[in-house]
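In the two complexes below, subunit A is the common chain; its partner is subunit B in one and subunit C in the other.
Moving on to the complex of A and B:
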């Protein structure tokens, strides 16, 4: 009876109630969205680097190195020599080392030059290694293995020919069209930037640049693919490399040794540590976003309170009637609080649905722009606590109009 | 949906700003202290009030490294000459060697296996010959390169190796050393445990490294 009365009373004032619900919905959408994206971004980043002990690159900021080498965000500062890679990868404590050479792209997706160790040792998430949906690792010089998203978005299948563009621009006219790559493998989805990458051999990268001078293709080159295949193509430089250690206890010692490597200024970072540093830097920003979303909620709640307060005046008659029927003043207090909670619950429901659909919509955009994988499952982490907080805040905000009703019923 | 992308690009923007900032900061440090060093890249930043440490747990073995400017440990950075200065250094060395006053392990118990404390930069070579073999390159660094320029910087290093009863159960380490050496206002600790990595900034108020 109680709930029915509250419902009827809300329906009676549809207009203002709907507007209040909309305001609350938007604020809850923002609150949940910020929290969800924040949490998921961290998880997605952490999963990507979980299998790597060290990342080695040119000397720069640790976060910068991490972002460009693994997440393809930003641009590399410098390359490192192949000689350094070979020396370090053959040193005592190193179990495996995966070279990474960046710089070319295909329709906006990055092309990574690497070797077979990539498919053998790279792992992500909870020690999962890369598996092939179709095909196998590259063997010939001009073979390419596609990440899952690249294959599905661009509709490639095994045997297709792909032309790689020079540089990372999406609409590049400087194409390596004289030497197309053949798709030999497609990887299973991983939820990491691997899905947005094309993997070719380091020799392949060298081969497509063989008759390029200063970033421009020389016309009329007569070298055939057969001729190039006979050449021993050894890369002179690579962008960075990932390292797995035999014993983790040596992690910091190896890091120190690489940082003090005196043939070339190198830097070794622990990817998890660099991520922690990134989150520390982002801490202020995160808190600002949380604060803003909390303030949006406060504004919406004040709106709710104002709406209910205004309704009390319209409802003098109704209140008098309820009192005549025998309802105690406390009943009026509870009635208004209940109305507020009904509005709040409806808004939470709508806000959650709105967030779900928006995440579905922007998911592809986030993946292609930031390599960020975000699930649409919004009730996975701390959001229940937030929602309880929202309801509590609603009770608090509605206390003022409820008390007014209580007083006018006395 | 716009809002999210907008917020995200905004955050990336701020983020890149942060990199630029921290980068400049680093460079500043190198310039200030090591103008005349030619060997590239072996100099570390030297910041009073700030120290770095790292801890790695693999199975049941645990290793902890501390690297701090001497000023944080004893209050000066030159070679101790008066008796009271030498006493201060000896006392600090004793504290650094007393693992009970340095660490407190939560979740499991750990026994010290090997402790190496290097205060050689603060003591005359003759009085402290024992450490010199172990840390050749540091002596070179501290005594030769900063010869007469009037501005002397030195570091204290300590290395600890522990064996824990059950390394996987170790939840956190409280670094009580922050109470013993209050001049370390910020201690950055990088850690590795079971393939997880992380980094925390500690101070006297929050001195616990949690592995999660």
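Moving on to the complex of A and C:
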């Protein structure tokens, strides 16, 4: 009867109640959204690379190197020579090294030039290796292995031909259409930027650029694929490389040695340290967002309080009647609190649904523009804490009108 | 047997004892008696009924209702006592407008300790039928019913807990003569059936003929009224 009374009372005042629910829904959407995106972004970034001890690239900021080499966000400042890669990768402390060559794309998805070590040593999440959903690693010069999202979103299957565009923009007029790649493998989903990447051999990258100069194809070039296949296609430069060491104890020593490499200016970063730097930079933004979302919730709760307070004045007869049938003043207090909780729970429900659909809508955008893998599953370990926090804040906001009702019943 | 007994009952809304709203030296009502109380506006009728029902606590004196001293009870005990033993009908706003007749009556049962685990649906339906409320109106929000229907549902609500004392505060004031007669006869028959004591307040002294006793609150109350 208690819940029925509160529910019917809210339905009876549906105009003001709906507006309050809308305000609360938006505030919970913002609060939940900020928390979810923050949490997911951290998790997504942290899971993207694991088991890599160092990332080596041209001298730049450590965050920048991390972003373009691992998350495919931004552009590299410079390339590094193949010679440097070979020297460092063959040093006694290095167990493996994965070269990465960036600069081309296919329909907005980045193309990565690499070698077989990528499929052998690259790991993500909790040291999970890449596995194939279909096919196998590239073997021929113009073979391509697709990330899961590329294959599913663009509907590619094994054997399909893919033309790579010069540059990383979504619409490019410089296409390597005379040397299409053949899909030979599709990777299992990883929830990392690997899913949005096309993986080709370094020789493949060289092959499509062999008769190109300064971003355009040399006019009159008549090189055929067969002719190129006979050539020794060793890359002159690469964008960066990932390093796995034999012993972690040597990490700082190797890092120092690379940073002091005298053949060319190189930089070696520890992915974990660079990520911490990134979070430190993001910290202020994070806290600002949290503060703003908390203030939005406070504003909505004040609105709820004002609406309930106004309703008490309209409900004096109802309060009198409830008192006459034996309702104690504390019942009136609880009734108003329950009404507030019902509004709050409805808003949490609607806010969560709204967030789910919004995440579904902007998921691809977040991946392609920011490299963020945000799942639309908004429930996490912190969800019960969030729920308790909102309910507690609601109880607090409704305390004034509830107490007014209590006093009216006295 | 005495149903109501007031001994030097005093009540004032503010702390000043000079401004007494109610000041009754002695007044009593026998069990099963039907008392008609009249008096001009502001003589303290509603205040007195609020004291009798335990909504307001007396400032001084002894107020014994159905053998229980209300002045010795806590607020919570008075609320429970009222829910269990007293029925109340107002002039208007007797029902929660957005609830239907059945839920309005069930609400009164909710606060009563009697037959707590017994489903009151059958009793409610019997009461509504005996008060000539059409079945099609049982599930309508009471705000959509006529004033006459609302007052009859208010009687059903007041009687659902089989109260020993029924207080009616000008319940016929907003009814036309036809509805008033229907209301009075329904009320009287239920009071007889339940052998309840009835305290009926009204301006309309023509109704006094239906009662055992007629009292003027002006004569009873030495206070200033309100």
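Everything that follows uses one rule, which is that the second predicted complex is superposed on the first by the 410 of 410 C-alpha atoms of A that agree within 3 Å, B and C clash if a C-alpha of one lies under 4 Å from a C-alpha of the other, contacts with A are read in each partner's own complex, and residues count from 1 in each chain.
To be clear about the criterion, a contact is a pair of C-beta atoms (placed from the backbone, for glycine too) under 8 Å apart; a residue touches a chain by one contact, two chains touch by 3 or more.
Computed from a prediction, not measured in an experiment: that's the story for all the values here.
Q: With both structures lined up on subunit A, is it a clash or a fit for subunit B and subunit C?
A: fit
Q: According to the stated criteria, A:155 is in contact with first (subunit B), second (subunit C), both, or neither; which is it?
A: Touch partners of A:155: none, neither subunit B nor subunit C.
Q: Give one of first, second, both or neither to describe whether A:328 is in contact with subunit B, with subunit C, with both, or with none.
A: Second partner only, subunit C.
Q: A:1 in the overlay: touching subunit B, subunit C, both, or neither? Say first, second, both or neither.
A: Only subunit C; A:1 stays clear of subunit B.
Q: Of subunit B and subunit C, which one contacts the greater number of residues in subunit A?
A: B
Q: Which of the two partners, first being subunit B and second being subunit C, lies in contact with A:358: first, second, both, or neither?
A: first
Q: Centred on subunit A, what angle do subunit B and subunit C make, from Cα centres, as a multiple of 10°?
A: 110
Q: Looking at A:12 after the superposition, I want to know if it touches subunit B, subunit C, both of them or none. Which is it: first, second, both, neither?
A: Only subunit C; A:12 stays clear of subunit B.
Q: If we overlay the two complexes on their shared chain A, which of subunit B and subunit C does A:320 touch? Say first, second, both or neither.
A: A:320 contacts subunit C only, not subunit B.
Q: Rounded to the nearest angstrom, what is the minimum C-alpha distance from subunit B to subunit C in the superposition?
A: 38
Q: Let me check the overlay on chain A: which residues of subunit A are in contact with subunit B and also with subunit C?
A: The overlap between the subunit B and subunit C interfaces on subunit A is empty, containing no residue.
Q: Would you tell me which residues of subunit B are touching subunit A in their complex?
A: Against subunit A, subunit B makes touches at 1, 3-5, 7-8, 11-12, 14-16, 18-19, 22-23, 26, 39-42, 54, 56, 58, 61, 63, 65, 190-192, 195-201.
Q: Which of the residues in subunit A end up touching subunit B in this complex?
A: Subunit A residues touching subunit B: 30, 33-34, 37, 50-51, 53, 59-61, 63-64, 73-74, 127, 247-249, 251-252, 259-262, 265-266, 270-273, 275-278, 280-282, 285, 289, 358, 361-362, 365-366, 369-370, 372.
Q: In the complex formed with subunit A, which residues of subunit C make contact?
A: Residues of subunit C touching subunit A: 53, 55, 75-76, 79-80, 82-84, 88, 90, 93-99, 103, 106-108, 110-112, 157.
Q: Tell me, which parts of subunit A touch subunit C in their complex?
A: Spelled out, the residues of subunit A in touch with subunit C are 1-2, 4-5, 8-9, 11-12, 317-318, 320-329.
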